[in-house]
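Look at the two complexes coming up: chain A is in both, with chain B in one and chain C in the other.
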Partner chain A sequence: MSKHSRLLLVALAIIVIAGLIIIPMNFNRYGLYILSQWAVMTIAAMGLNLTLGYAGQVSLAQGAFVGIGAYGAAILTTHGWPLISALGLVIVICFIVGWLLGYPALRVQHHYLAFVTLAFSTLMFLVFRNESWLTNGIYGISNIPRPEIFGFPTRKPLPFYYLCLGSLGLVTLAMWWLIRSPWGRAFMALRENPIRAQSLGIDTRRYTLMAFAIGSALGGIAGVLYAPLTQYVDPVPFNLQLSLDLLMMVIVGGSGFMLGPFLGAMIAVLLPEWLRFAEGYYLMLYAAAVIALLIYSPSGILGILDRYLSSRRTQAASALRAAAQSKLEAAR
Partner chain B sequence: MSNLLDLIVAGLATGAIYALVAVGFTLLWQTSQTINFAQGEFVMLPAFLMLAVMHLGAPFWLAVLVGIALSALLLGLAFKMLLVDPMLRHGVLPLAIATMALAIGIKEVVKQFFSAEASPFPSIVPVGDVSILGRAISLQSLGVLAVAILAVVGLTTLLNRTSLGHQMQAAAQNPTVARIIGVPVERMILLTFLINAVLVALASVLITPIYLAKFSSGEVLGQAAFIAAIVGGFNQVRGAIAGGLLIGVVDNLAAAYVSTQYRAAVPMLLLILMILFRPQGLLGRAEERTV
Partner chain C sequence: MTAVLDVRDVKKSFGGITAVNGVSFDVQEGEILGLIGPNGCGKSTLFNCILGQLVPSAGEVRVDGKLVTGQRPADLNRLGVSRTFQLLQVFPKLSVRDNLILAGQEHRGSMLSRLFGPSDAGLTTTADQMIGFFKLEHLANEPAGGLSYGQQKLLDAAMAFMGGPRLVLLDEPAGGVNPTMLGDLKERLIAINRERRATFVVIEHNMEFVMSLCSRVMVMAEGKVLAIGKPDEIRANPAVIEAYLGH
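So, the complex of A and B:
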């Protein structure tokens, strides 16, 4: 990438971030709620993007981890724990459970793995619904408090939105660092060619489990934010559909691209809101839009951009080659 | 103990319907690596098509025939041409996601243009009991079982005894070689999509009188069919049949003997154990690992 286009990219990023901070200031309650939801779902989708997009392991359980996170936060904060310690505990739990869920991935792949994780999702939903002593069953847990961050209360929608946005920023930085670290390269080697990765001395076993564990922990973080966002947690939002939706976000945005989950979550959370004018037809339009997009570009939205950029790069390269060729011939 | 037999018969009847759906599911997987997440919705839709035809004044038998034909057209031909063909070469996952979106679309269309409420659906088998060896057994269960067995026997005869069936199997197992020896692979793949569409329409006729026609009824059914296909063996038609019957019986027994809350967990645990210890399924062959 040239220096010029890098500068352009940084400027664009700053404009987008400033926009995300300034524009919502005069949003109403509902608009802020939807935007906060977008930030939360983006975090969960980033976790799945690590497991699926970078390490190549299909998982239909990400929604269950959001559920574990949400219930963890709901139960602990209604018992007087501060949200930050609930977050710590949830991360540890999701990391361990995700690690264990990774074991089947060492034995089976692709659609089999998808179905093991699907079964896990369904089992977790049953636990949320049936273990009333812990989760209050179908009645759910209400009056979940919103936290105070460094003495600032986040009871109002705008401060809470900033909390979600700030968390998204931190998670993004951590992810950016992780992907560029040797670990990120090992994950990608796992996706591209596991056998070659192994022959190069990468402990594929450990990295597969790690991909599941870190991805699941991110799902847990999203859940911890989800509970105080809605201030009410019941089993219904954490059924299999959430896992399918998160998978859809990753694929539609562009799996294996850093920014894919941002766009995917935007399509999944914001597009239905924009289609509200169509009333009863909005989910139909949404489904049609997703299908049309995937037929046009199976690698998602960022796949279109990627194709465009690489074709421009090839054109530029062939133009350079042609110029060099004619110069050579002139010299001869 | 006395009602164990009843439970097993009822379980076999539901299981036979699961088997029909699971067989179609595995056929699509074998011939074109399509994981159809809308398979449950494919079962739900034909019932509504038939209700719509009956609404126009057609008798039930005609509505069933028209419904099956429409299903072959929409869920077979159009599904393959418009969705599967353009996406197939880009791998399994985008196509699977597209079928998820299709499932949402079908549900919403039915909810919007037909009804969000459950509608009754006429049964092809008269309601009542029949006495066998001094025990009353539901006529409906027996009828469902009979139709499903006929369909499955018909399909396996087609696959194993006729030249057409052999060509289909060849196209599924090794398309390149099949093409070399003159099998019209494309036509064979289209045929499996049509067979799947007819099978789901048949399952729709059989199951809707029991559970009513509702836009959301495909979810449970689709999942049961997935589990049946995996438990039985993803790459074998007879595996899917065995898996369907097993899941039907296990599900029914779990409803009776396990707590109602965790009834749904039993097939899932079966699925997890199966994948961990015998991933090729009860009757399946191991899929070779490609480097």
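So, the complex of A and C:
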């Protein structure tokens, strides 16, 4: 990337971040709720993007980890734990469970793996619904408190939105670090050619398990924010549908692109709101838009941008070649 | 002196088919051993048994005297055994430089130190030297998938050398490479062999390439060693002419 376009990108990022901080100041309660939900779902989708987009391991269980995170936060904070301690415990639990869920991936791949993770998703849903002693069953857990961060209460929608946005920022930085580290390269090697990766000394077992563990931990983090956002958790939001939605966010946004989950979550969370004018038809319009997008660009929204940029690079390169050619001929 | 690679009575069968049927040979340090034979004679299966991609049904493989039979490919690679593949095996979406960094990064430090260490694992210089050595400078930042077939073959070979291996097994390095580039490749291989005392085993069908590159040649037929010796001896061996080289 040239210096010029990098500068442009940084400027654009600053404008977007400033926009995300300033514009919602005038939003009503509901607008802030939707935007907070976008931030939370983006975190969960980023986790799945690591497992699926970078490391190439299909998972239909990300929603279950959001559920584990949400229930963990709900149970612990209603028992007087601070949210930050609940977060720590949830990260550890989701990391370990994610690691264990990775073991089937060492034996089965693609749609077989999807089914294994789907089974786990269903299992977790049953635990949320039936283990009433822990989760209060179908009645759910209510009156989940919102935390104080460094003495600032986040009871009101705007401060809580900033908490979600700040968490998203931290997760994004961590993810960016991970992807550009040698681990990121190893994850991509796992996705593109595991046999070759092995022959280059890459411990594909350990990296596969790690991809599941870290991705799941991010799902847990999203859940920990989800509980105080809705202040009420019950089993229904964490059924298979959520895993499928998260999968769609990753694919629509652009699987394996750093910013894919941001766009994917925007479409999944915000588009239904914008399509409200269509009333009963909104789901149809929504579905049609997603189908059209994936036919036009199977690699998602960022896939379109990627194609555009690489075709421009090719054009620039052939223009240079043509110029050099004509110079050569003029010299003759 | 201990052989760099010592293979004893290796057998591999798939159901009723015995692909490799009791092969024994050794390779000394700095040697380039050619491995030839008709298609289906078990060359690639033998490679895969040595490299841990397949577990031999019987027999032993030793590297520098250490028993490594059945070890996983990744562990073997970190012990200094590297390979190239018959079919192209680069990472198409990563740049040429990233392909090379990836090929070397697991050879230093622990997994955790790599997470918190520099993004290039301190390998940019080594990778760029390798890029220069294989004359791929102008392509360093291109995605490997955009390279021509021959260029990808060079990259594939370059990747095998990034970890500073003791022993490299090359599976048909010359296949599909044009004559000019082939000369280049041979020159590079000989240079690495001399300068770094790297030991090679090369599967190849291109006789001219094998005979001019290798110090010894082993011929396989139907899962067994038919003959092993200097290139001239092999050329003159009546059994080899009958089974493989033709009259």
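Just so we're on the same page, the second predicted complex is superposed on the first by the 331 of 332 C-alpha atoms of A that agree within 3 Å, B and C clash if a C-alpha of one lies under 4 Å from a C-alpha of the other, contacts with A are read in each partner's own complex, and residues count from 1 in each chain.
One rule holds for everything that comes next: a contact is a pair of C-beta atoms (placed from the backbone, for glycine too) under 8 Å apart; a residue touches a chain by one contact, two chains touch by 3 or more.
From a predicted model like this one, the values you see are computed outputs, not experimental measurements.
**Student:** Give one word, clash or fit, describing how chain B and chain C relate on chain A after superposing.
**Tutor:** Partners fit side by side after overlay.
**Student:** Under the stated touch criterion, which partner chain does A:Val58 make contact with: chain B (first), chain C (second), both, or neither?
**Tutor:** first
**Student:** Between chain C and chain B, which one touches more residues of chain A when both complexes sit on the common chain A?
**Tutor:** Larger number of chain A residues touched: B.
**Student:** Just to be sure I read the superposition right, which of the two partners does A:Leu305 touch: chain B = first, chain C = second, or both, or neither?
**Tutor:** neither
**Student:** Which partner does A:Ala189 reach: the first (chain B), the second (chain C), both, or neither?
**Tutor:** It touches chain C, and chain B stays clear.
**Student:** If we overlay the two complexes on their shared chain A, which of chain B and chain C does A:Leu247 touch? Say first, second, both or neither.
**Tutor:** first
**Student:** Answer with first, second, both or neither: which of chain B and chain C does A:Gly280 touch in the superposed model?
**Tutor:** In the superposed model, A:Gly280 contacts chain B only, not chain C.
**Student:** Answer with first, second, both or neither: which of chain B and chain C does A:Leu89 touch in the superposed model?
**Tutor:** neither
**Student:** Counting only touches as set out at the top, which of chain B and chain C does A:Leu20 meet: first, second, both, neither?
**Tutor:** It touches nothing on chain B or chain C.
**Student:** Report for A:Met258: first if it touches chain B alone, second if chain C alone, otherwise both or neither.
**Tutor:** Neither partner.
**Student:** Between chain B (first) and chain C (second), which, if any, makes contact with A:Leu100: first, second, both or neither?
**Tutor:** neither
**Student:** Once the two structures sit on chain A together, report how near the CA atoms of chain B get to those of chain C, whole Å.
**Tutor:** Minimum over all C-alpha pairs: 9 Å.
**Student:** Name the residues of chain A shared by its contacts with chain B and its contacts with chain C.
**Tutor:** In chain A, residues 195 are touched by chain B and also by chain C.
**Student:** Which residues of chain A touch chain B once you look at their complex with the stated criterion?
**Tutor:** Residue positions touching the partner: 58, 104, 107-108, 110-112, 114-116, 118-120, 122-123, 126, 129-130, 195, 240, 244, 247-248, 251-252, 255, 280-281, 283-284, 286-288, 290-291, 294-295, 298-299.
**Student:** Within the complex, which stretch of chain C touches chain A?
**Tutor:** 51, 53, 72-75, 77-78, 82-83, 85, 89-94, 98, 101-103, 105-107, 111, 114-117, 119-121, 159, 162-163
**Student:** Would you pull the chain A residues touching chain C in the complex into a rising list?
**Tutor:** Interface residues on the chain A side: 178, 180-183, 185-186, 188-189, 192-193, 195-204, 206.
**Student:** Once bound in the complex, which stretches of chain B touch chain A?
**Tutor:** The contact residues of chain B facing chain A are 29, 35, 37, 83, 86-87, 90-98, 100-102, 104-105, 108-109, 111-112, 223, 226-227, 230, 234, 261-262, 264-265, 268-269, 271-272, 275-276, 279, 291.
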